[in-house]
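Here's the structure, in structure tokens; my notes come after.
Naming follows writing order (A, B, C and D), and every chain is counted from residue 1.
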Amino acid sequence: MIGSDLADTRPSVQDVALIVGGGPGVSASCARLFAESGMRVGIAARNTDKPVLQRLETAHGVRRYACDASDPKAVLSLFQNVVGDLGAPTLVVHNIDGRLAGIFRKGIVEADPSMALETLRNSAFSAFLVGQQAARLMRENKINANGAKGTIIFTNASAALKGFPSSGAFAMACHAKSGLAESMARELMPQGIHVANVPIDAAIGWTQEDGSRAHRLAGTTVDDNMVDPDRIAETYLQLHRQHRSTWAFEVVLRPWLEKW
Amino acid sequence: MIGSDLADTRPSVQDVALIVGGGPGVSASCARLFAESGMRVGIAARNTDKPVLQRLETAHGVRRYACDASDPKAVLSLFQNVVGDLGAPTLVVHNIDGRLAGIFRKGIVEADPSMALETLRNSAFSAFLVGQQAARLMRENKINANGAKGTIIFTNASAALKGFPSSGAFAMACHAKSGLAESMARELMPQGIHVANVPIDAAIGWTQEDGSRAHRLAGTTVDDNMVDPDRIAETYLQLHRQHRSTWAFEVVLRPWLEKW
Amino acid sequence: MIGSDLADTRPSVQDVALIVGGGPGVSASCARLFAESGMRVGIAARNTDKPVLQRLETAHGVRRYACDASDPKAVLSLFQNVVGDLGAPTLVVHNIDGRLAGIFRKGIVEADPSMALETLRNSAFSAFLVGQQAARLMRENKINANGAKGTIIFTNASAALKGFPSSGAFAMACHAKSGLAESMARELMPQGIHVANVPIDAAIGWTQEDGSRAHRLAGTTVDDNMVDPDRIAETYLQLHRQHRSTWAFEVVLRPWLEKW
Amino acid sequence: MIGSDLADTRPSVQDVALIVGGGPGVSASCARLFAESGMRVGIAARNTDKPVLQRLETAHGVRRYACDASDPKAVLSLFQNVVGDLGAPTLVVHNIDGRLAGIFRKGIVEADPSMALETLRNSAFSAFLVGQQAARLMRENKINANGAKGTIIFTNASAALKGFPSSGAFAMACHAKSGLAESMARELMPQGIHVANVPIDAAIGWTQEDGSRAHRLAGTTVDDNMVDPDRIAETYLQLHRQHRSTWAFEVVLRPWLEKW
């Protein structure tokens, strides 16, 4: 049985998860599931006062860290603090989308160059910084029962799969993140570190203020045309638990009704 | 929690799994895991007298079916018999590699045309026949707790990802299987049927006569340069249990030490 | 200058082109352009009585060959006859689409298995046979001024890039042809034979009975939403003339207005 | 005939080419070929005093522009100056590789973050700036005989096709450039602007001080394991001359002996 088999592996190494990016969708779902699975969990965000993060701390013991993930020094400090508070991470999720409202869906001529550069910094460059610190620490980790020293997961978007019109800056950032992930996978997997790139090819639902889940795009009548972030978190946990004989690098997740 | 959550979904619909292809690696691992997970399981092969299949029947209650999967009538009969014996399938795995020893690693000029056609028939055309019957039955299934009517999984090989030199016929067959899977996914996912293509990008280990597992390529000293078929089976079960809001179509599995 | 520079290379080796597939679009355009460029040209088709082929013979000296390209013996004979009549080919174009009206746009359950197999035979298997004979002869050719012994081009379709719903058999055939081309390119390019795969990602126009060109899809008002086969032929000639220091393997051609 | 046919199209619109990046390989070859083909040509580089650029001016009338292509204001000025001096560009080539010696082949942990960001700025962000100005001007151009208002070509590298180990920053930059190019192609092609991405999958030769061409990797005995930049320039000219009914977006160029 999968569950029981993998459960056996956990006592050998205390899992420490760090989620970088503090949104109410994938990050919150990951924090909850990882905490419920027995991991020590930290979550880093620019603004740690958000209610969703406070709830994660109260209900699940998730530790909050304020961090601008596009700043090399801030990312170095973040990982030092996590090591001190929780131990060396064994699972790191980079979950920053980076798209700026001011540039999204703007044509190439109309897009503001400074926002394009900011998108690259927020998304791809912060992924580089987070991936770098994760790799630095993980290569000193012990090997767990699945033969791994740790797992680094990059959440990505449809724009990693296809450069859509009028979104050149976002296409750059998502493609860059894929290229980074692929390079890191080829470099780090033979060192025992599992690297995965997970493009989510649809809108992602989230928990609303009243506690209900948003799983439907506005204006549609069908259910399940948004991805459930709790299910994304499950896939991340499964990726983390894969044995090193059978690692997946890229998993694209989309709802049954998505056109692709 | 993943395990308990997914466990809850099982009583609602009795899972019936059919594995087409009867080798000692992925097929045997799938049959064991699916049976242990509470499914009724059938396995189809040209020769059902193989010891590995007899053991699956004795130890796990797996039903054996003799079938040439490249023959339309034989495939139709197979599915009719499975429905009669076990019920309509909810999980079908096509696990026929199709490569012929006589043509593998032969240059394009030296490759025997009749073997090239046979490779196409054994692999891609049998995938078409099996996928067709699976889809025909599954679209009449009830929706299970994950919102799905069924899952169709195609095991594939490195040659689906890259056309290697001196293996034109095998590259044709594996690419064809990928094209079929992708077309079926786009057609059937909006009908509630999950279709997945799983290229295994390495040699696959298997259980040897003495019961030990082969996980090492001959002549190497390192462990884990072969894929563990039990882990492939786990991934298949996870794919089958994905909620329709978050379906993966393609998952490439490779060991940590594989060059790619 | 491109034109004059490449023109200089021609006298060194007499180019002999063989086009397999006898439609009024790409095949006819290739035959005309190759003949006008000074090559000896043959064209093979099941039915050589078509007016378009007769005109090619009359106006451009193109030799017609009757051949079922999915029959190994017929393909062997074809190449033997071409060698005897025109000399060993230096440029071979496989231009058979293979889609059968009876199966196109049929759902996976409704598609007739015998038509699916026929599609595979007509398209992918005939590409294998033609590619095999071309490679067999070309590797005995002299090296021309571009450092090449010959060029093998496979015309392909959108279904090679994406498995569309309700076209599983065609997706299989086009993907198979891509896999074959990629394998042959990796095997033959280091032997001096340029192999190219050219998916045409749109409908292809052709010369109508009144001599005018169809460049517009029925029911649309815009020009150029079909590919001009004369321009495809130009690209093929450019591919044939590429120096071996700079070979392109895959070129996707689509009109400016095509969605992709 | 290709040559004569395309020659006819030239008088209708005076071609103005701008090459951004001033190396002795692709940029110099493009400048020479475009000038010989009758275009007015400008070349932009950080340092315009390089002998190769001086020779291009003396021998071919190529205008030199000093420009830091990662600075938005500098790129805006560049295009304003080109319009004033030569006219609005109809062909723009972005030919900046951006890799820094200090970071190339460095592992992810050892790579200097500031160099990673600099690589992104030099390559991907400068491509964004150059593409933006090119698009802004070209959409006001008249349509030429091939139905086009202009052509924008991005030279790219192997790292756009595959994220190699120990080159995360370069993989990010090259993937980003591909994503940008794909987004711009989908947006601008329906507006009559041809956008192409050309990954060169090998080392590129160049003209040495003594006038001879380097076409061989140090330590090898075989010829043609480097790409000839004059042949790359030919492909660029062919891309620029493609009719809008038949545009190629991506062309990967590699020598016959390259492993891929």
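Here are some notes:
Operating definition for what follows: a contact is a pair of C-beta atoms (placed from the backbone, for glycine too) under 8 Å apart; a residue touches a chain by one contact, two chains touch by 3 or more.
Note that the structure is predicted; figures quoted are calculated from it, not measured.
Touch-path distance (fewest steps) from subunit A to subunit C is 2. In this structure subunit A contacts its sequence twin subunit D using mostly the same residue numbers, the overlap exceeding half.
Annotation: 35 Å between the Cα-based centres of subunit A and subunit D. With centres defined as mean CA coordinates, subunit D is found 45 Å away from subunit B.
Remark: subunit A and subunit B have CA centroids separated by 30 Å (rounded to whole angstrom). Multi-chain contact residues, meaning those touching two or more other chains, occur in subunit D at positions 186. Taken as a graph of touching chains, this assembly is arranged as a ring, one closed cycle with exactly two partners per chain. Chains touching one another form the pairs A-B, A-D, B-C, C-D. Of all residues in subunit B, only 1-4, 7, 33, 36-37, 147-148, 186, 189-190, 192, 194, 205, 215, 224, 226-228, 231-232, 234-235, 237-238, 242-257, 260 touch subunit A in the complex they form. Taken together, the subunit C residues at the contact with subunit B in this complex read 72, 107-109, 111, 113-114, 116-117, 120-121, 124-125, 128-129, 131-132, 135-136, 139, 159-160, 162-169, 171-188.
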